[in-house]
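Each chain carries a letter (A, B, C and D) given by its place in the written order, and its residues are counted from 1.
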Amino acid sequence: MRLMSLREALAAHVADGDCVALEGFTHLIPFAAGHELIRQGRRNLHLVRMTPDLIYDQLIGMGCAKRLTFSWGGNPGIGSLHRLRDAVEHGWPRPLELDEHSHAGMAAAFCAGAARLPFGVLRGYLDNDLDKVNPRIGRIECPFSGERLAAVPAINPDVTILHAQCADREGNVAIHGIVGAQREAALAAGALVVTVEEIVDQLAPAMNGIVLPHWTVDAVVHCPGGAYPSYAHGHYTRDNDFYQRWDAISRDRDGFNDWMREHVLETNDHAGFLASLRVEAA
Amino acid sequence: MSAATRDEWMTVAAARMLWNRCVCFVGIGLPSAACNLARFTHAPDIVLIYESGTIGTRPDVLPLSIGDGELAQTASFVVPLPEVFSHYLQAGRVDVGFLGAAQVDRYGNLNSTVIGPYESPTTRLPGGGGAPEIAAHARQTFVMLKASPRSLVEQLDFRTSAGYLDGHGARARTGATGDGPRAVITDFGILTPHPRSDELRLSALYAGATVEEARAAVAWPLLLAETVETIAAPSESELAILRALHARTREAHSQPVVLPKSLVGGA
Amino acid sequence: MRLMSLREALAAHVADGDCVALEGFTHLIPFAAGHELIRQGRRNLHLVRMTPDLIYDQLIGMGCAKRLTFSWGGNPGIGSLHRLRDAVEHGWPRPLELDEHSHAGMAAAFCAGAARLPFGVLRGYLDNDLDKVNPRIGRIECPFSGERLAAVPAINPDVTILHAQCADREGNVAIHGIVGAQREAALAAGALVVTVEEIVDQLAPAMNGIVLPHWTVDAVVHCPGGAYPSYAHGHYTRDNDFYQRWDAISRDRDGFNDWMREHVLETNDHAGFLASLRVEAA
Amino acid sequence: MSAATRDEWMTVAAARMLWNRCVCFVGIGLPSAACNLARFTHAPDIVLIYESGTIGTRPDVLPLSIGDGELAQTASFVVPLPEVFSHYLQAGRVDVGFLGAAQVDRYGNLNSTVIGPYESPTTRLPGGGGAPEIAAHARQTFVMLKASPRSLVEQLDFRTSAGYLDGHGARARTGATGDGPRAVITDFGILTPHPRSDELRLSALYAGATVEEARAAVAWPLLLAETVETIAAPSESELAILRALHARTREAHSQPVVLPKSLVGGA
């Protein structure tokens, strides 16, 4: 593990064309890292995320992505991801290939990836049209009962990027609260970059808690607020209001471009991004 | 107290269908309001699971997202998301799953993926998320949606989640372990499947709603159940509790987010 | 969930011929429950446990078991389980059918059972003789890559019995420390009986800890010391000395029978068992 | 300080083969002593995993069982056992796995299952446990055992864990992802596989042990490596640290177990 700046870490670990998963299910979405990928101008990424959320709307709208593996692509509780829709419906700013799953299927694929099995098995994709549009959804027969089940190929991203609450100086990373498929995405990856709210001398004891041990972590980045406008349990809450405002910001191409220029492209880093939004501080 | 809105009718009707100690897989929006209303009224020990991994959660206000901190904070415990789907849903440990959809057909099959062809949709919807397997494995599902001939359709553009397929017992011949959609709760009343054909029929109307209204909101020729029951209006107490819940929710979510000062030194 | 006495709970949930898993990996082994099965004279059980340990040595030596599914059958750090050996080598007191796995295979089988999949997949049983003696070890081909992997049928015991630190009055059960395959064995079972050190009004907060929620639990039994001579983290330590003494106690049939009569058959319950051993109390 | 026993020689020899920050899958007994000796000497940041699920554990005394509370208490964290095997071992995240066995053959294949036929054994051994997959997936394995013609045998009664199979590169053609047994550490010295034939040869002797002694302890005609190195005796410091570790362990484990008084009211 190396302690790096976000800029260094992403320059070192993410190349054009890589398969990249920025995971975090509502909670701990690595916004700062997503913005930095945009600033660095990454192209042709194969993005992986169960729930694309606003950060993938931004990456897609900025032309970083060529392909998307996902299972639910909306603005939670609000509606559409307009940039995702524009890419799928009109190919703007470029066409986006979809590799579409259900949550259960994608979770099974991440689990298989973490265990380095070539495929995951589930009772799923039953009598619906998903396997007609996704050739990666297969079937497998139980060698004992003959029963047919669904199979999905393992997901093993080149790089997984997470945001977490805490790392210690060795690089052990602790996550608590809603953990989604973060641990599986982390252990499935070729390289693992984690931004954290805090770096501490000693992690709080959490015998059966969720820890990514230091030798599975390639880079740790100290990046307070790195999940904003998503949230970090124990540090700050989700900015639901921002999620609502995004609907208007992202609805048309020009408004989106202006906003991204002002707040992401023309800010230096995440602190600059937060300052540009005048997020309130206690 | 002012008359109930149609959203309130739907929420109350759904809440009444839940029982104490039932295990619900909850989605955001009306289902979340219905489940928590049930919890604050007749079903205090209802077990709520949100797909973010929060099990046995007891939020004081409604979450705006499926993974609000409030859900984790008030849960019995929080599991990684893959376990929600494998160890709880797939394992048959969920009594009731709530689903929404852009389109429902007469056999309770759902579309939440695309309007138009998949490869060149006129409207790209969010997609299946948890729904395909909730539809398969929850012991029963309740579908909640606002009715119109564009949502209650003759033919789905895409089948995201299987209901009764082509009806007439077709579902029983598949690998789905749950019983399928036992009710579609709309803004005029409730549709339930015919015991043999599985076709959704009008089985209950909100007091004040009419069969004509129902028929106008459904694209297929809507059949009536042997008896169409009348659903009593939300009681004073139901409405008061639901409105207080919404008021608490608005209040909680109107608090501006505050980041630790160190983060926004420049602002 | 019902709060019951150990006697009631096992009489209600375990019948002759059942497939029963008493799990707990070194830690939290449900000794009290095993002894009660012996007192109740259960027969023809299909016992399941990764590491049979002393409690299965006792059940086997007392003639309760017909079949054993396991992956490592020794007295940890000390040597043989003499009663297990006597049953396998000489059919005393009755022959014992073996369904033998590796730890990885058995873990995969429990995971499949918990997820209600018919089989588990692993990269395992590679070029060894285990699949020659266990017809339940199969092979499966990845539907995408064609790679061949091992498959094992899911384990779904009729009853799983655990010992845990704590339950609340609703029946939510919390386990911490070394958890082995307890959670998987619990969720794989037809019925789940849990003995606990303590029943409390409210479980300690453990957001991402391991909890078996009340509606997965069929009976909770208040049984302090129920893991002794195994241990309950935070309550008492493992009686390593007892594990050493067991080697001599169990070595011959008469000595074993005498000991079991005195300490298990002729004691009424677990408190009586502990008293008969004069275990020191603080 | 008294001369080192053969157990101490073995422990010290194994400890010296470990490096700082290597990830070890540890078994009880000599391997556990060796790994912790390495941690207390030249490899302070070695990562120890016991199959009970304790990851990054730093016990102050040696555990008597694979799941002692001390291991959990001093671990970075504890995972359910299935994850140790799937997410760590199978996933290729273990550098060194330690194995013991009742029998080892000339190609490093191991038997820990039975002596005699499986269906009617003369001696039923504990069985494979974690070994079959440790043998397959740890990047390398070290085997520790006391040598005799009954343990270093011409022909195994049962192959529990694959080493190099029939040698000559056979292992590379299998699904095993690890490199196999890189050393067999015995009480006379160390055997290592021939680079092409994979046959175990004598490559190092403890100072004072002889080739004759080694040959007498091996049932097959033991070949010598090009150079047979001499392993230096345990240093004063290694012995002192190891003996102190054992003394702490004896002291800790001689404490009688005390149950809360309420449990043993009758006694």
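In the analysis below, a residue touches a chain if its C-beta (ideal position, glycine included) is under 8 Å from a C-beta of that chain, and two chains touch if they have at least 3 such contacts.
Bear in mind the structure is a predicted one, so any value in this text is a computation, not a measurement.
Contact with subunit C and subunit D alike is made by A.
Interface comparison, B-C versus A-B: the higher count of C-beta contacts falls to A-B.
Here the CA centre of subunit B is 40 Å from the CA centre of subunit C.
For the pair subunit A and subunit B, the distance between C-alpha centroids works out to 27 Å.
The distance from the centre of subunit B to the centre of subunit D, each centre being the mean of the chain's C-alpha atoms, comes to 56 Å. Shown for subunit D are the residues that touch two or more other chains, namely 72-73, 78, 86, 90. In subunit C, the residues that touch at least two other chains are 116-117, 122-123, 147, 149, 177, 179, 206-210. A complete list of chain pairs in contact reads A-B, A-C, A-D, B-C, C-D.
Note for the complex: subunit D touches subunit C at residues 28-29, 51-54, 64-69, 71-73, 78, 80-82, 85-86, 89-90, 113, 118-133, 136-137, 158-162, 165, 174-177, 253, 255-267.
For subunit A in complex with subunit C, the residues that touch the partner chain are 116-119, 121-123, 136, 138-140, 142-145, 147, 149, 151, 153, 176-177, 179, 206-210. Residues 114-117, 170, 172, 187, 203, 206-211, 213, 215-216 of subunit C are the ones that touch subunit B when the two sit in their complex.
Of all residues in subunit C, those touching subunit D in their complex are 25-27, 50-51, 70-74, 76-77, 80-81, 84-85, 88-89, 100-105, 107-108, 110-111, 122-130, 133, 147-149, 177-184, 210, 224-225, 228-229, 231, 233, 235-243, 271-272, 274-275, 278-282. Those residues of subunit D lying in contact with subunit A across their complex are 21, 23, 45, 47, 55-56, 72-73, 75-79, 86-87, 90-93.
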